[in-house]
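Once you scroll down, you'll see the structures, which are given as structure tokens.
Each of the two complexes below includes subunit A, the first together with subunit B, the second together with subunit C.
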Partner chain A sequence: MAVTVSIPTILRTHTGGEKSVEASGNTLAEVIDDLESRHSGLKARLVKDGSLHRFVNVYVNDEDVRFAGGLDAKVSDGDNVTILPAVAGGMR
Partner chain B sequence: MARYDSLLDALGDTPLVGLPRLSPADGIRLWAKLEDRNPTGSVKDRPALAMIEAAEREGALRPGCTILEPTSGNTGISLAMAAKLKGYRLVCVMPENTSAERRQLLEAYGAEIIFSPAAGGSNQAVATAKELAAQHPDWIMLYQYGNPANADAHYRATGPEILRDLPTITHFVAGLGTTGTLVGVGRYLREHKPDVQIIAAEPRYGELVYGLRNLDEGFVPELYDPDVLTGRFSVGAYDALRRTRQLLETEGIFAGISSGASLHAALAVAEKAAGAGEPADVVFVVADAGWKYLSTGAYGGTLEEAARRIDGQLWA
Partner chain C sequence: MGTVLVIRQDLVDAMVAHARRDHPDEACGLIAGPEGSDRPERFIPMLNAARSPTFYEFDQDEWLRVYRDLQAADEEIVVVYHSHTATEAYPSRTDVGIADHYAMFLPSPHYVLISTRDPEQHELRSYRIVEGVVTEEPVEVVESYMFAHTGADDIPDCR
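Here is the complex of A and B:
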């Protein structure tokens, strides 16, 4: 299962500056393991103590994986996986 | 009865309006909670007034006091109006990449503005406000991201209004910022309708806004309670603008851009319900109207151009 993963600026040191990389897997955990095999050090930035880092949000086709099983969230061929740091955001 | 003793008393009890043209299937109904019909034109009048009144009750806020708040927009405008009427001084810390209308409105109400760098967005505004609070111990920082009175305003009023007007509600959708609306309304609805879905629409900005130096500078509002939510959508500028225009063109509602993001998530859950053949009553929040965004070019030209124009801005 091939998916496209968007990498935030802060993590592009692991992808040689690439904004977007390909990966494969049936779950988010498998996708992250596959990424780690080519972009060493990325997994440790995303996963802490067996779950997603508190300040990392991951979306599969724009839906937050924390409400779809977390690291066990299913991914399908052609899905877009977006990684973003948690920020305070906008005009509050 | 629509007569009030003062503008502050006219807060809340906003209309819930059906959107028959946008509903994707029979049995699926979409509803907009028009929070732009509040005294300064946004949902933020509710938490702003609630936070001020809570601080007054606690004795922290007395006439002549200075209120400090990290806010890039609506909360500042709400606080500025209430501060003007109640005799407080207001200092707002806001990122420099916000729309000109916000600055003009804040200044018109007499608020003082301290700008924080665009890079880092509201994260940086929060950090700057916390530094100022340490330097000025006599200033009162209401701190909307962690003040329980924010969520409580929605628990006590917005939630009950919605349930009163639509007892058959199945989904509630709102923008995710301080998380006060979602957590407050969500808790109230869940107590009365255990199966209700509470869906967040989170704005996805241009890269500049995510420019942290390291991940540990990340920020999750203290009010956030993920257990209240059942889903969370990330919505980019293009989809938010597309839905904002669709809302105007099909239902006549002139809303701000964050409301387009909420509509995008509302339509996603409505279409899921339609696909599953389940009836649904989906409520989403129109947080403000479009007036403050006209200078961003959100309503004219192609969507691609408009999305490019607001990419580096905090549009929700």
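Here is the complex of A and C:
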């Protein structure tokens, strides 16, 4: 299963400047492991202690994986994976 | 760090108007520009999904859509702005924490804070937030980037 992963600007240091890269796997976890095998260092930016960092949201197509099993979320051929940093704050 | 935010008057007016409109809730949004330009051009007011006077949070669906548009257009986020409705225009501890996480993924933007606590006189200030350190920077408001100061004083601009 080949999916396209869009890479945020700062993480492109791991992908030789590529904005998006191909990866394969049946679940998000497998996709991330596959990415890591070719773009070392990416996994640590996304995963901590076996789950996704809480300040990053990952979408498979238009679905937030948080509501689809997290790292166990299923992916299918041709899916788009987007890594979206959380943006929030306030006066406190 | 010796940085400065150079920004058009109409974009400043748009941020202030958004902050006033959403008061007493916090308002938030972005200004995008061409990748690597450091030039704010496209005003993108965002929903505050928290609808709170003390907290803001991008609406995730809207943010995903905006983010994909930015990537497709080779734009980046130059300014992230939000309002404080009862305190001064200075980043809170929460703002600093979020900025550090954000910087792991996207280039650090200019953080613009607008205080609307005074109904007559707003306060607008800009900051860099790098590794937990907040540094205020001057804001240079211009009518157009075409005539904005771009070089050192002793080098005449080309005409």
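By our rule, the second predicted complex is superposed on the first by the 87 of 92 C-alpha atoms of A that agree within 3 Å, B and C clash if a C-alpha of one lies under 4 Å from a C-alpha of the other, contacts with A are read in each partner's own complex, and residues count from 1 in each chain.
To be clear about the criterion, contacts are C-beta pairs under 8 Å (C-beta built on N, C-alpha and C of every residue); 3 or more make two chains touch, one makes a residue touch a chain.
The structure presented is a predicted model; accordingly, all values stated were derived computationally and were not measured.
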Discussion item. Looking at A:D64, would you say it contacts subunit B, subunit C, both, or neither? Reply first, second, both or neither.
Written reply: both
Item to complete: Mind sorting out which residues of subunit A both subunit B and subunit C touch, each in its own complex?
Response: 8-10, 45, 53, 55-57, 59, 62, 64, 82, 84-92
Worksheet item: What residues on subunit B touch subunit A, complex-wise?
Response: 44, 71-75, 98, 102, 120-123, 125-126, 144-145, 176-178, 200, 202-205, 207, 209-221, 226, 229-235, 258, 314-316
Discussion item. Looking at the complex, which residues from subunit A come into contact with subunit C?
Written reply: 6, 8-11, 19, 45, 53, 55-57, 59, 62, 64, 82-92
Response to the item:
In the complex, subunit C touches subunit A at residues 26, 28, 35, 50, 52, 54-58, 60-61, 63-64, 67-68, 71, 76, 80, 82, 84-87, 91-95, 98-99, 101-107
Worksheet entry | subunit A residues touching subunit B - in the complex, by the definition given at the top | 8-10, 45, 53-57, 59, 62-64, 66-67, 82, 84-92
